[in-house]
Amino acid sequence: MWADAAIAAVKSLVMLLLALNLTVLLLWVERKGSALIQDRIGANRANIFGGILPFNLGIVNTLIADPIKMFTKEDVIPAGADKLLHFFGPFLAVFPVLVTFAAVPFGDVLVIGGREINLQVAELNVGILYVLAMSGLSVYGVVLGGWATNSRWSLLGAIRGSAQMISYEIAMGLGLIGAILVFGTLDLQAIARAQGATIWGVIPAWGIIYQPLGFLIFLVAGIAETKRVPFDLPEGESELTSGYFTEYSGSKQATYMMSDFAEIVVVSALATTLFFGAWQVPYLARDGFHFPGGFALALPQVVVVVMQVASFVLKVLILCCFQILVRWSLPRYRYDQLMDLGWKTLLPLALANVLITAIVIVLAG
Amino acid sequence: MVPTSWYLALSAVLFAIGAVGVLVRRNIIVVFMAIELMLNAVNLTFVAFARQLGTIDGQVIVFFVMTVAAAEAAVGLAIIIAAFRNRPTVNADELAVLRW
Amino acid sequence: MHGGEIIPTSTLWLIPALPLAGLLLAIVFGDRKRLVTIVAPGVVGIAFAVALASVVTLLRAPAGARLVDDVYPWIVAGPFRADVAFRVDALAAVMVLIVTGVGFLIHVYSVGYMAHDESLPRFFAYLNLFMFAMLLLVLADNLVVLFVGWEGVGLCSYLLIGFWYEKDENAAAGKKAFVVNRIGDLGFVLGLLLLAWSTAANGAISLDVAHVEEHVHLLAPQTATAVALLLLVGAAGKSAQLPLYVWLPDAMAGPTPVSALIHAATMVTAGIYMIARLHVVFLASPFALEVVAIVGAATALFAATIALVQTDIKKVLAYSTVSQLGFMVLALGVGAFATAIFHVMTHAFFKALLFLGAGSVIHGMSGEQDVSQMGGLREKMPITWWTFLVGTLAIAGAPGFAGFFSKDEILAHTWGTGHYALWAVGAFTAGLTAFYMFRLLFLTFFGELRAAPEIAHHVHESPPVMTVPLVILAALSIVGGWVGLPEGWLWGPAFGRFLAPVTGHSALGEHGAGVETALMLVATLLAAGGATLAYVFYVRMPGLPYLLAWRLKPVYELLVGKYWIDELYDAVVVRPYVALSNLLWRIVDQMMIDGAVNGVATTVLANGQLWRYVQDGNVQHYALVFLGGAIALLSYYLVR
Amino acid sequence: MLDQYLGVIITFGFAAVIVGIMCGASMILGVHHPGPVKQQVFECGNPPTGPARGRFSVRFYLVAILFIVFDVEVVFLYPWAIVFRRLGVPGLVEMVVFIGVLAAGLAYVWKKGALAWD
Amino acid sequence: MGSVTFFLLATALVVSALTVVVHPNPVKSAMALVATLFLLAVEFVFLGAHMIAALQVIVYAGAIMVLFLFVIMLLNLSDEEAEARRRGRALFRIGAWIGGGVLAAELAALFLRVPFPAPAAPPAGYGGAESVATALFVDYALPFELTSILLLIAVIGTVVLAQRRAS
């Protein structure tokens, strides 16, 4: 019993660290990426080793200097605020997101000493529902954040933010249903393995091929969920100062920032798992490559696993960069446009998608 | 294996707490929450009996109970909002008049 | 006695109809006083003429006959039948002549007496109404019609006593008279009903006098006694006998002609006439007759003693009337029905005379009635003085005058039928009568005038319209007595013989004529004694009465207070009655009935209040009740 | 059946620890100089106006209600999606009716303007 | 699973349920209710109802409680303890608490008295998505359709009620 616990612990640590590192990495990517896009230098002040290198990528700046500054700042709690809720605001904003990674598979099976370790923290039979449940809880982070600080503007920001999140949660949910229809199961590992197959022997059977519209709806809803531009109305609004976490400072504000990026990573991870063949490398089975031409290349099990994990991380990274790219290129939506998009376009579209997929499956047999 | 009757006893306690909540609290919304609590206690009994009998029906019924609870919450809160618009109070005593 | 020849006529209804017409005319021409003063007496005069004619036809008819005028079938209800029918037999003839004759004279007198009164038409209307009712009573062939007349006269006496209703005591006197009469009438009605019920034969209930006379044998002894006693109660009410006499003295509140007509001559004799008419019933129960006699004698003595000390001229005459009525009832009681009627006639003449005389004195003294204020009116009012003297002699029973013959006959019959004690009472009362009458005479007409100066120089003789009736009545008071002489004198008891067929013979018993003359001597001596005693008391030594009064203080107080009968009645009957009604009103009505109703209302209200708190709209309270219910249910399962 | 959730529980534990540290860090490491001005609600510099927790339009509340209803719909779709292959056409018909009715609800709300953000 | 964990979980549940009822601040009692629902979801997992547990979190904790929080914020409800202690209420409150206690005791006594046989080991996949789904769409098809109508009515009702009427 304890061996399982240990393995599970290792797996969850690996997953959490992976998620955290990716989140932090994204921080840097965004700072430098946005500078690159907008043809400016970006963060390059902090430099530990006195400018050994000719160029300063600002890694030190965003990855070391900023976090330290954030954690050592004074934690100002406004008058009339509710201490307990003030602490639980950011806590509930990040916690559900981190926990969602438990269901995401990052590899096939690792065989060590005769034990097959499923590279997925928790093989949940109700995988996707678990993910949906956790994403639902993150709404509380926003709501409590706004209510606790006793400031009218942050309350307004919180209400708008949460209204936006819940509107797009439905669309996200419906988007996934298309994929589930195709794969017929809620267990993410099963879905990932199903994507190993090939259509007509050549095309890798990734979700996106079956569900292009589903993927699109899911991605848009995902971005909206993360409240990032073009949907970052809650904090970006000119009159709302910085939305519901204006009254937060120090590590709490850092936590809220981090929740943003964590959510981006989660959305990318889910997108990859469902639509981009999770850890699947085209034509790679457990024992090695099986190219369509009948040509096969045997590989040791460890190499296969490494390749699978690498492909998973790579895909997630690509999607994250895409989302950051989106942030710095699209103008911000007006709030009524935002809601209309959510309710009047995405929702009907998703419903239609579900019906079409169902009909196609029934016809195709 | 925890015997089913313990679960039932636990749900009884939860139900009683919900009932007291309905009686004691003056704020209608909290009364409403107490009612939700009572509903959940009942759900617990359903699931406990489902396990006891080994059938799935109990769980399906909980499914429907949740739907009904959702609809009830929606309409109930709509009524409270409408009542609030006429008389700016959520105090149960002040809403003792059968019309507003 | 019964079944005399019936002579049908069709004129008798005129006698009562004429006064009725007079009444209607008085109502219609109420505003023209002169016309009313002519019509009212005229109508009564014509009625007297018609009555006289019918009596003449009766006299020409064989003895025991009667004129019957069957007007129309009034009540036909299954076995019971009552017609409006009039009869004139010997008894009715005497009565109708008295009523119309004396009535006519009093009407004429009233014209003068009431001349200055502005509501004169109303007075004459009432008088005519009274005449109509009295004639109905007297001429009735059917006891129901008699009863209608009986009530009519009761009403008129109430109206006339309370004629000057502005003053409260007059109205109260009227009410008192009416109430006491009603009590009497109740007895009378019960008597009639019992009589009708028990004399019903072969399916026919009738109150015809003839029918009653035929079937009186059907009455069982105790029923007859009951009927007789009830009829006596009626008579006592109407003729002011002992228990129910209290209203007569108060009736003096009415105008003097009224007292004369109603409370002397006619109405008060109705009771006597009724008993005479139904003597067959009384004969059927000797015990009742004894009671009647005793009541009569007692009333006579009782009233006479009170009259001794009265100072109001009309009150003295009122008590004297009660006393004389007592004599008549005594006569009836001893079976001398004819003698009673004879005394009714003579009494009508001299009592009317005395009352009208008193009226003219009061008229002269401009309303003063207190004898102590009068005196020495001989010179100023000669005619009134002389006629009053004749009246006093007549009532006292001076030989040759009317009262002498009728009263002695009564005493003779009382002795004759063995009622020696009653005779003694009667004789003694006769003495008292003489004493108080002469006391009145001397106080009024002898000595100096004791009135105040402004009244004194106003004293004047009454106008002829008042004095002429006085003179006529004085003549009658003298002549009236000669109709019924004692046996052996001239034409003997002609009056008795005339009435015999109707009222039956009242044998004088075995003593015959000798006894009667002896008794007459004794009575006359007593009367003379009374008169001289009065002369000594009030003319020779005026101080003596006061000395005697002071000496016999308690007796004097008793008499002046009229034995406190009124107070007694008040205490025994009126006050308890009022108390009872108060009690009933306060406890039964207020507390029990209202209480019950209000009680129900208040309990319902209280209940409502109580339960109002249960439904106070607070949802959480209702929820608590839910919880209670649930716990109760569960505890049942726990216990089971 | 507990093994499935072993991973979840452990992840919950680690995540709680990590987030707790992150949130609480500045409270412990940070400096403590609370001042009235510093504690003032930030409104672009000017002093806060009006009640802190003022009311807002009922529009948001409507969105929340619609969210519940459609969330329940989504939740019903998931189990359907899983067993759809075995149900075949009847399953499809069932779901078409279900989605049709709720689409009618959405249309009603749409026409009534509950979604219009004026 | 052991009765220790059960008792731990039970006490946590009871404590959070009590906070929902007792705490004067509506927002705090709402969060307590969310915690209660979450713990109940965990109970469902222990009872083998994985699917229901997930749904519980999604529908109840995720949707309904958000609505409650929205309404609380919408109506800007202040703390309630000020007038909760109104004098007339004291007797009523005590009565209610006693009533609740008696009810709980009676129900618990009744349940504990029943000799439930040890439940048989559940079939494979019991409580999982497939088993619930098949039951739901095969045996309970009609109630499933009725719930859609119920939801439609709820939507229409809410819109009608919440809309600002012409008055």
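Per-chain numbering from 1; labels A, B, C, D and E assigned in written order.
We adopt the following convention: contacts are C-beta pairs under 8 Å (C-beta built on N, C-alpha and C of every residue); 3 or more make two chains touch, one makes a residue touch a chain.
Every value quoted in this text rests on a predicted model; they were computed, and no experiment measured them.
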Study note, to complete from the structure: Any chain touching subunit C and subunit E at once appears in the list B
Point to revise | Chain closest to the middle [Cα centroid of all protein chains] | key: B
Review point. A-E versus B-E: which has more C-beta pairs touching?
Key: B-E
**Study point:** Most distant chain from subunit C by Cα centroid
**Key:** A
Review point. So how far apart, in whole Å, are subunit A and subunit E when each is placed at the average of its C-alpha atoms?
Key: 30
Exercise for review: Report, in whole Å, the distance between the mean C-alpha point of subunit A and the mean C-alpha point of subunit D.
Suggested key: 16
Review point. Measuring from the mean C-alpha position of subunit C to the mean C-alpha position of subunit D, what distance in angstrom results?
Key: 116
**Study point:** Gap in Å, rounded to a whole number, between the CA centres of subunit D and subunit B
**Key:** 21
Revision key, fill the gap. Among subunit A residues, those touching two or more other chains are 124-125, 129-130, 132, 147, 155, 159, 166, 169, 185-186
Point to revise | Two or more partner chains touched - positions in subunit D | key: 4-5, 51, 53-54, 56, 58, 60-61, 64-69, 71-72, 76, 78, 82
**Study point:** Residues within subunit C bordering two or more other chains
**Key:** 620, 624, 627
Revision key, fill the gap. Listed by label, touching pairs are A-D, A-E, B-C, B-D, B-E, C-E, D-E
Check your understanding: Along subunit E, where are the residues that touch subunit C in the complex?
Key -> 92, 95-96, 99-100, 102-103, 106-107, 109-110
Revision key, fill the gap. Per the touch rule above, subunit A residues touching subunit E in the complex are 82, 84-85, 88, 124-126, 129-130, 132-133, 136-137, 139-140, 143-144, 147, 155, 159, 162, 166, 169, 185-186
Revision key, fill the gap. Listed in rising order, subunit C residues that touch subunit E in their complex are 620-621, 624, 627-628, 630-631, 634-635, 637-638
**Study point:** subunit B residues touching subunit D - in the complex, by the definition given at the top
**Key:** 66-67, 70-71, 73-74, 77-78, 81
**Study point:** Of subunit A, residues touching subunit D in the complex
**Key:** 4-5, 8-9, 11-13, 15-16, 20, 70-80, 87, 90-91, 94-95, 98-99, 101-102, 120-125, 128-130, 132, 147, 149-156, 159-160, 163, 166-167, 169-170, 173-174, 177, 180-181, 184-186, 241, 246-247, 249-252, 254-255, 258, 335-336, 339-340, 343-344, 347-348, 351, 354-355, 358-359, 361-362
